[in-house]
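Before any comments, here is the structure.
Letters A, B, C and D name the chains as they come in the text, with residue numbers starting at 1 for each one.
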Amino acid sequence: QDFNDPAEFKKQREQLAMTPQGPEGQPWAQHLGEGMVDTVKYKKDGQVTLCFSNAGVFNPWRVVGLNNLNAEADLHKDRLKELIVVDAEGKDDKQISDIEALVSGGKCDALIVSPNTTAALTPAVEAACGKLPVIVFDRGVNTSCPVTYIHPVGGYGFGITSGEFIAGKLKKGDNVLALRIMPGVDVLETRYSAAKNIFDEAGINVIGSEFTGSDRAKTKSVVEDYINRGVKIDAVWMDAGDTATAALEAFEDAGLPYPVISGEDQQDFLRKWQSDKLTAIGPSYPTYQWRTAVIAALDVLDGKQVPGPEWVLPQPAITQDVLADYVDERMPPLHYSLCGCQDLPGYPERWGGKK
Amino acid sequence: MTTAPQASALPRRPARIALNAGLVIFVVLYAAIAFLQPNYLEPGLFMNFLRRAAPLVILACGQLYVILTGGFDLSMGAVATLVVLAASILINGDPETTWAVIGALYVMGIAVGLVNGLVVAFLKVPSIIATLGAMLSVNGLALAWSGGAARGDLPENFRNLGRLVLRDVPFVGTLPLAVIVLLGFVAIAWWGLNGTVYGKRALVVGDNPRAAELAGTPVAATRILAFVVSAVSAVTAGILLGGFSGVSVNAGEGLELQAIAACVIGGAQLLGGRGSVWSAVFGALSLFALFTLLNLLGLPQALRDSIQGAILIAAVGATVWRGRRRA
Amino acid sequence: MTVEPALAMTGISKAFPGVRALDAVDFECLPGEVHAICGENGAGKSTLMKILGGSYRPDAGEIRLAGRAVHFTHPRQAAEAGIAIIHQELSLLPHRTVAENIFMGREIAKRGMLDKAAMRDRAAGLLARVGADVDPQTLVSSLSIAVQQLVEIAKALLLDARILVMDEPTAALDERDSRTLLNLVRTLRGEGVSIVYISHRMPEVTAIADRITVLKDGRRIWTRRTGEAPVGEIVRAMVGRDLKDFYPAPPSSAPGPVLLAVEEGANAYMRDIAFEVRTGEIVGVAGLEDSGKAALAQALVGDAPLTSGTVFLRGQPLALRTPRQATAAGIGYLPGDRKGEGLALRQSVRDNALLALRAIAGLFTRPEHGRLAPDAIDEKLRAMDVRAADFGQEIGTLSGGNQQKAIIARWLAQESDVLVFVEPTRGIDIAAKAAIYETMRRFADLGRGIVVVSSDMPELIGIADRIVVMHRGRMAGTVPRGAQEEDVMHLALGTSGAPEKEESP
Amino acid sequence: MTTDITRITPRAPRLPVSVLLAGLSLGFYIIIALSTGETAQLSASGILGLFQRMVALGLVAIGQTFVILVGSIDLSVAALISAVAVLASHVMQGDPTMMLPAIVLCLGLCLMVGLINGALVAYGGINPLIATLGTGLVIQGVLAASFGMLQGAVAREFQVLAYGGLLGVPYSLVLLAALSLAAAFVLDRTLFGARIYAVGGNPDGARLAGIRTEQVILSAHVVASLFAGASGLYLAARLQSGTPWIGRDGIYDLESIAVTVIGGTILAGGKGGVAGTLAGVLLFASLDAGFNMLGIDAFLKQVLRGAIVIAAVAVHAVRTKGHVA
């Protein structure tokens, strides 16, 4: 894979600026671009069973997402007989077997897949396509056989939003520290490559790019080490926001002013942003796409047209102007605010919030 | 032959040699850090170094108890994670409850330690498997309880344990609370091994449990207590970790292997019978100094793993080699 | 005329750190000769044989086999040169069958594939030859130590070696098995095999050896024909002084009141045990292999507790389900397997001697104060005449006799009332033996009691005030001091109508 | 020497651990399938799917059984699996003519890693846990550092290994079965097997019996690495392209040790075998499949799996005489 694809970069930059189509105020049901696909051949009457092969729930983003998906399913009790969820625990090999078992089990009317790895899941998804309608979301697969592939704008988009914000706040020659989760994951690599391009263009120094494994203690230590080197850090760019507050604490503990920072849409970051008046932005990789997957599957079984072969969802960012709308003291610290779940059954307890 | 005069040239007590090994490695690594970044010689930064190393040192001390008795405790990291998540759920931002919850955390830890010990001592499951099972279960429990993501916040007074730095302290300038906890824990760990008969029992149990048993040693109790101490250290480390950087679901990930590696680097012998608190303390400080050094060198993250692996082998290899030259 | 020696070792030296184990030792063995090596613990006997067997490389010296110089760097080469060694320590695989053990390292195989049937058959033949009545398919872990020793011997015979080294082969064997073994040695000698025989049992040595070599402190003292070497001479050469009164004098006063008693004791390994030890008394327990004599010792220390019956200590019934209870009640144990069950080899002499005291002290006792102080325990160790450069050194570096004395010191420090000794002098040299007997007597004379389980018949007769003989898990009878070996043997074999017991089934 | 005494102790004939465990696992699977109404999982394809779940772990675990039998252990297998999968896809780059070179290269890498592990343990005298933890870290690091340059995908033809089959039986199962039988044969019937048990059972005794123990330990490590390599190749075929995390994410190091011990091989070495290990793997596969059918929450699954690992080992360990650490 090439994580620095100018064409894709350009495309996502355009998509960020596009006006979405679809119902107002329901970004999970909206889409960017024109394409639609016919699904009449999948039409199925009566109650249906949806099957979902999940890569795993190994991070808070996926936890919120899975809650979204289950809650969305609850909205369709009349149509849905059963939602079968199998969890692959982050193992490609297991997910392939899981999909094979779901397909051969014969219970599923449609299959939703959130692949653990793009390439690995391709053959299994291809095999499943032959038996039943398949909907893929989050990471994709290398085949066009699924009815549709649901995803927000993408990694470049994330990097563009955050990179441009920081570049706009800094002067030429200022320093930015990049904190990343881990190497080699496409959706994360593209975020960094986009931001890096923007920083390079603006003449901003990336003084370091460190991997934190989304470990708060490690994040804080890494930032402390950079502070101790005595180089001024004007901004912190992050490819995911779950350790953003830990990074900020390192500045607090050292008695330094907060840098400009890009995080994500987690509550703890938004709250800190609000209370400590940060100069910040919260780009997102919205968890509401998990809702979309169920909606799409049911639409397909209804025989309705759905956006496809790619269903590109809008990818908003939280900025100073809208910050207050997204802060919700009831929700747990790592709740992703762009969950689109406020109107779903069981909110907020289902997402770990207080009444 | 043992009365022959040459016999006085026999090797000295291994514990003292172990102390030297860990200390020497630590001093060398810290010197390298200071060479790259001279301000690490300032008391403030050294104290900060200790603050960050505190959880690992404490974990290593607990792990040492188990290693001395001949076992392993792989469940420590999971216990630390459980502690962080449980604290955030139970306290849920209310500083009033902090101390009561800390008590509850220790109760949980002790329960895990007891189960580990009982499974090893009475069900005869090798500790590496028993604690692997415990690791899976405890981790699963912590995640199931929290729903897989951090829930609730930790209040200031809890965070302070791992985060607060006292300023204007005589001699050292700044003194992190975590360093006080660290010193207290190491002192207690030292006392347990040197101030009570427990330490000697643990060594004998690790060396030859059968001989210990026939001489009347409560072998099972000695083993179980080691796992309890280990779990208590994991709780303490978890509290410091949560305090230092807040709640996360992977707070304790991988710490168990680091703790084992630390003990071994410091000269403790796997499968028991040899080692002292100093092997754990200086082994852990060495390991942490290595992490810091690699950070400062700015090597790619990935290569740091490689270097860590190579150094682990080299440190143990050196011990083996010196042992062979002596024997 | 001179016969070419099958084995000639000349000027062999070997040093370990801090110890000169061998110093220019010459040794030879003719074809069809049994050549015994005698010497104290640590004299260097095993080291000399390990050099012959290729386990160690000598620092200096030369080995010739039938005149041809050889250099071994691995035991395999020695085996290929026709040398078989029965090592002092058992080296079997507990989880494998007898046949697999006998063929360890020498499997019959064609192009890498094992021929199991052939191995079973040959194993059966070898086992019959050493007098072991076991199925080659049994797992070694289910065999007694004695039978395991026989398996070791069978393993050595497999090689059809020209030179056979036996390093204390009878240490674990009872009288009857020892006799079988000595007969086997005679047969092999008749077949022209050269046999090097190491033993601390003098009667055996004089009975079987053609020549005797004495080692002391890594040096050869002399080599003589057996006829020219009376036992007194051998002992003087080994120890460097005369050993008068090998066994201590019997006590002048009659034994006192009953100290320890067992009534109607039984468990899976024995039954109908009625047994007592009086103050000042040393009670011997004799019996053949599997007679239950060790099981009796284990029961007395709570290791394999009685399932029915009662144990009384000074008239009070005693709960005795774990060794810890025994220790706390004042019953000490000296196990037969010194390294496996008696010692923590990597801990210091002092720590080993303090083991029992520390084991039952309160958890928060400070480990080096009061009775646990180094000075206090050093005194006990010195009183036991434990010889070590420094009591802080690892006990694994001491000789067997000194290790054994340190274990006894452990119980003296704890002021036990009753000591249960199992094979207290197994593998221990003659001087250390005398010292241990002396200690046992003194301990009993202090108004305490000793139970000594041993397969060394002369030892029991020499030391015990009374010998209880076990046969098939029951007490076959008791013989008083001054009895003959034959009396004991009859009871042990079940061939005498034991007067005070009914006939065994 | 039979006496009335020995007859007092009853000795009930015992089922081998492997048979018992395999029976329990299958029983669990069948009961779950029936009680959840997932009868399709009992069809041929369902059962084959169950067995398919065994392949990756099964291959590593067979290798792990060799090292554990010889008294050592290998924690580097997970990293090695990742390395092999990445290397295979990088070398092939989708080109079928590169299949053979890729396989040869991967097995060469395994050979090298096995030799290094074995040399560190057997000749260097380094505790195997530390030695292989170290080599695992080194491999993982190098892999992650160079992953940017090591992209690629295996050839379509190579994926037949994972997705093709013979008369409905997947080749991968045939491979697992063949390699298991071969491993069992080697352990039970060959000189090398006998030596492994000897060295694991009593290293000093084995040496005195003339066995070159270092060579045996070294060979066992090579075998373990090669089996890890086989697993890596299988995963590469199944996943099309390797990532540096598949081994770690699959927890193949700890799981392979766990199933080996569950299968009755003792950590001290010298006792056990491949049949038990495969039964342990089957237990894990049945748990995976069964938990899926029951729809158990991902986190609860972990809790149960941990408890089951302990229980499965305890069932036979509890009879152990003496102490276990």
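Convention: a contact is a pair of C-beta atoms (placed from the backbone, for glycine too) under 8 Å apart; a residue touches a chain by one contact, two chains touch by 3 or more.
Worth saying up front: this structure is predicted, and the values here are computed from it rather than measured.
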item	value
Common touching chains of subunit D and subunit A	B
Centre-to-centre distance between subunit D and subunit C (centres being mean Cα positions), rounded to whole Å	43
Between subunit A and subunit B, centroid-to-centroid distance (C-alpha), Å	37
Inter-chain centre distance, subunit A versus subunit C - centres from mean C-alpha coordinates, in Å	73
Distance from subunit D to subunit B - Cα centre to Cα centre, in angstrom	30
Multi-chain contact sites of subunit B, meaning residues that touch two or more partners	148, 210, 213, 301-302
In subunit A, residues with contacts to at least two other chains	57, 183
Residues of subunit C engaged with two or more neighbouring chains	none
Listing of all chain pairs that touch each other, if any do	A-B, A-D, B-C, B-D, C-D
For the subunit A and subunit B complex, residues of the former touching the latter	57, 59-60, 62-64, 183, 208, 210-211, 213-217, 219-222, 224-225, 228-230, 242-243, 245-246, 249, 253, 268, 332-335, 352
Footprint of subunit C on subunit B - complex, ascending	1-4, 6-11, 13-14, 194-201, 203-204, 207-208, 210-218, 273-274, 326-327
Parts of subunit C lying in touch with subunit B, wherever the complex brings them together	17-21, 42-43, 217-218, 301, 303, 323-324, 326-328, 333, 335, 340-348, 351, 354-356, 358-367, 372, 387-390, 392-393, 397-399, 402, 410
Subunit D-facing residues of subunit A, complex	1, 56-57, 84-87, 89-94, 96-98, 100-101, 104-107, 117, 119-120, 122-123, 183-184
Residues of subunit D defined as touching subunit B within the complex	120, 124-127, 129-131, 133-145, 147, 254, 257-258, 261, 267, 297-310, 313-314, 317-320, 322-325
